[in-house]
Amino acid sequence: MTEAHPISRFPIPDLADMPEDIRNRILAVQEKSGFIPNVFLVLAHRPDEFRAFFAYHDALMEKPGNLSKAEREMIVVATSNLNQCQYCVVAHGAILRIRAKNPLIADQVAINYRKADISQRQKAMLDFAVKVSRSAETVGEADFDVLRSHGFDEEDIWDIAGIAAFFGLSNRMANVTGMRPNAEFYSMGRG
Amino acid sequence: MTEAHPISRFPIPDLADMPEDIRNRILAVQEKSGFIPNVFLVLAHRPDEFRAFFAYHDALMEKPGNLSKAEREMIVVATSNLNQCQYCVVAHGAILRIRAKNPLIADQVAINYRKADISQRQKAMLDFAVKVSRSAETVGEADFDVLRSHGFDEEDIWDIAGIAAFFGLSNRMANVTGMRPNAEFYSMGRG
Amino acid sequence: MTEAHPISRFPIPDLADMPEDIRNRILAVQEKSGFIPNVFLVLAHRPDEFRAFFAYHDALMEKPGNLSKAEREMIVVATSNLNQCQYCVVAHGAILRIRAKNPLIADQVAINYRKADISQRQKAMLDFAVKVSRSAETVGEADFDVLRSHGFDEEDIWDIAGIAAFFGLSNRMANVTGMRPNAEFYSMGRG
Amino acid sequence: MTEAHPISRFPIPDLADMPEDIRNRILAVQEKSGFIPNVFLVLAHRPDEFRAFFAYHDALMEKPGNLSKAEREMIVVATSNLNQCQYCVVAHGAILRIRAKNPLIADQVAINYRKADISQRQKAMLDFAVKVSRSAETVGEADFDVLRSHGFDEEDIWDIAGIAAFFGLSNRMANVTGMRPNAEFYSMGRG
Amino acid sequence: MTEAHPISRFPIPDLADMPEDIRNRILAVQEKSGFIPNVFLVLAHRPDEFRAFFAYHDALMEKPGNLSKAEREMIVVATSNLNQCQYCVVAHGAILRIRAKNPLIADQVAINYRKADISQRQKAMLDFAVKVSRSAETVGEADFDVLRSHGFDEEDIWDIAGIAAFFGLSNRMANVTGMRPNAEFYSMGRG
Amino acid sequence: MTEAHPISRFPIPDLADMPEDIRNRILAVQEKSGFIPNVFLVLAHRPDEFRAFFAYHDALMEKPGNLSKAEREMIVVATSNLNQCQYCVVAHGAILRIRAKNPLIADQVAINYRKADISQRQKAMLDFAVKVSRSAETVGEADFDVLRSHGFDEEDIWDIAGIAAFFGLSNRMANVTGMRPNAEFYSMGRG
């Protein structure tokens, strides 16, 4: 599909001109997904930031731990809609549908996770993620206690906070660059 | 499709027990859509409010005027996501995709209309709709002037305000009743 | 009393040019009140919306139920002042004074209902009404439990939410149209 | 008139036990008004603060200057309603009606001054007063320029800011003490 | 140290032209501190307000009571940073460091008192002070109960509220006048 | 100096147990600064995130470009105080004082940059940084135009946004972990 609309307010380098490690990562993603998610092209404008961004992303989203991959995507989707980030809601909504094998869950979690078809434990996880995203200055022991009462341990709490914080960065960069979601994401995983 | 989840916190009357005019309206919608949108069932708990609600809805959404049907749905979708109303974003997102014959537009407008593939005139329309929805007390002549500069006349301005105000009511009732979007809406019009 | 100030930013139809049902409703109100409340004239610009608006209003404000008529007006007055709606606070403040036979209550409820001469049950009712008006997306079971502990049943809860939601619509239309309260309302019921 | 409701959460000293200067001020007010406004009794619990409070009040509200006495009261009424201060809106609303010889103006200014029967210059004055009250940290040269364009000089600007700031203090003390407006104020000046 | 920057947007009177009582107070402060804190010079533009301001200040900050002098300064520092008042945070931060004999405490309390090296009782005091400063309209019995559970009595509660309210006034005047903190304050008490 | 207070809610690994690259980075910082800033120890709990965090940090803060090093620190300090992040304001305030060779600037920028001793160009830079931090969803062409009018080019704009976004992440992690500023930072660069 050709894009009539720019995917960034900033220049997009040609694949041929990118540093080799960045080009290779992009080609690997393209191989796997069938297309290049625009976040890779937009951030390639800044190779050092690109490398740090995806290293951080992978450290949070692909590490082992008690949070399922779908749960990590729920955090992204719920906080990104509050931050009005088109790219993150559309792209990670697609991933969430696929990870959760549920065509309805991404829109539910994005719009109002309190009414989504998820567990009470997952709602507590998202309550905390939203608090980190909107008013982290008020996070305190009482929040940790609520999470522990739902079975989350210290490492899970760090993971939830880390994902909410990292995508807060991502949301802001996407909104400033005008990062455009690829058309492919909108219908992925809708079954 | 059977629903494992309740569609309302309040009782849903049987079709057979509804007043005839309400049952007939519901059967006509079912005939046309192939399913009964849950808003009809949820509000049927209160027949007089049901009648007023849909009369108001039709007066704003189906009247002649300069705003296209797709534009009216844009107003619903943009304001309802700010109000975190699952039912209205999902159901009217579907209608917007169909009216605009554009599978991407509903998610774009819901998440951040400022970056959607719509005209500057439509962005001005949504700026005003969001202002009516969030801080109508500050609406003044300067807002009317901006709208006029985009070619909207007085009747269009009333229409934009009326739709934003009416769906503010609808969003609040959907959030309080826990109105659940029908599964059918999520994938409609995604092409 | 003649009005030196316009009562709406939009045209006001002549009584003689209105559809008969609307003219009759207005004449009946005039007969009963001694003057025509401006909301009737302002909304008569849009006959279909006029009919739906007052049908909705009557369904909520004049239906039988556990909420007294004064309590329904308290909801209107408390939420309308937060929405900075001159017409609704002034007009429904007058009605509240009359319904409650209390010349002080409307100003108290409008400015800060938490310190008004009303019962704890009524304060819980207004806490919920304000939550519906300002952040309905966060309404949940805990809110219903609080209301039940004060003796409100499910139907009462719908009534409170419906009134807060409907006057949210009314407040927005009044602010956009520049609807002017009739001078008569200011001193009614002040004893 | 006897008060069935406490006028403060804190103790109220007997007139006989007050320091003489405070008792004399209170008796003088009673002589002039026919009753003792509760703010005098509530603050008499703290004689030094009482003296400073009324000295500050008089310095701002009774000094000569370009702002009329009615305009000073408009500032009090508009900012106090945003701060949800029952005492200040009710008591100073009464004074505003009397100073302006206008029975409607206090409710208009309290609820939404943008739609009150006041001049554009007075609306600019209240825009600034509200900004001082709600977000003084963003006040800058552009705000001074707007005020100058309406004919306000430097001393007037200080007066507007001072009144908004002083009644911000007053609103907070009234809300914390639970200061109750005297019943007499509600109907004063309503003509 | 000479000041290249104006200390106020408004005129500063010469010491020689000030009323004697004001000049004497300023000279006494200079004698004690080694410099004249700018708040004295800025407010001297308005002698009556100057007198009332410092009388109020002294009534709250120098009265006997259970709150220590350092605790009173904590209230000033925590609320003034939320109000983004440069003068009050810098000047009272210096006083707090000196009163508490702790070079770190002022920055901790200013930025996020919830994580400062202070007692739970002091955090409860600051929770209440911040509530008075930001949303006094919602203060109620539950807040008083929390404070009592930490050992605060009624007079302490008034003190906390009074200081938060008074410095709300001070913050607003400092932001409007562009009151500049003296260079001396920044490093005082840093040990 | 010994620390009586924990520097994190999470475990801090021993230097000896850290991966070699992380230990080496920490030893190099200690060598240069004379102490180990706590952010290194707190984040060492998560080696992969540690590496990504500092790679991102260096890419933004140490890259060549038109923004001076002091200007980059201004962005950190101004946005971190709005996010109430003790660690970032205290630590980067120290760095700002040193970079700018100005003992007053950090407190001025932290508390209210609009009144700091910085240029109009720097205030425009901070206006944009704060907008990215608080409401990036509304960033648009008009914001870019303002920045261009102050001489910022596209790369500068990305830098400002990137720093504000990255420290938004850092602020949230510091608030959730309870990251404690080292005592050394408070007085560094105060002259």
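Chains here go by letter, A, B, C, D, E and F, matching the order in which they are written, and residues are numbered from 1 within each.
To be clear about the criterion, a residue touches a chain if its C-beta (ideal position, glycine included) is under 8 Å from a C-beta of that chain, and two chains touch if they have at least 3 such contacts.
Please read these numbers as outputs of a predicted model, since none were measured by experiment.
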**Report entry** Intersection of contact partners for chain C and chain E
**Finding:** A, D
Query - Which of A-F and B-F has more C-beta contact pairs - result: A-F
Query raised in the report: In terms of CA centroid distance, which chain is the most far removed from chain A?
Result: D
Report task. Quick one: superpose chain C on chain D by CA and send over the rotation angle as a multiple of 5°. Result -> 180
Requested in this report: Would you mind pulling out the distance in Å between where the CA atoms of chain B average out and where those of chain C do?
Outcome: 23
Query raised in the report: Counting in whole Å, what is the centre-to-centre distance of chain E and chain F, each centre being its mean C-alpha position?
Result: 28
Report task. Calculate how many whole Å lie between the centre of chain A and the centre of chain E, each centre taken as the average of the chain's C-alpha atoms. Result -> 44
Query - Approximate Å spacing (C-alpha centroids) for the pair chain B, chain E - result: 51
Report summary line: For chain E, residue numbers touching 2 or more other chains are 84-85, 112, 137, 175
Requested in this report: Go ahead and list every pair of chains that touch.
Outcome: A-B, A-C, A-E, A-F, B-C, B-D, B-F, C-D, C-E, D-E, D-F, E-F
Query raised in the report: Along chain A, where are the residues that touch chain B in the complex?
Result: 5, 81, 84-86, 89-90, 93, 103-104, 107-108, 110-112, 115-117, 175, 178, 180, 183, 186-187, 190-191
Report summary line: Per the touch rule, the chain C residues reaching chain B in their complex are 9-10, 45-46, 48-49, 51-53, 55-56, 58-60, 63, 83-85, 132-133, 136-137, 139, 144, 154, 157-158, 161-162, 164-166, 168-169, 171-173, 175-177
Query raised in the report: Which part of chain D faces chain B closely enough to touch in the complex?
Result: 112, 114
Query - chain A contact footprint on chain C (complex, rising order) - result: 137-138, 140
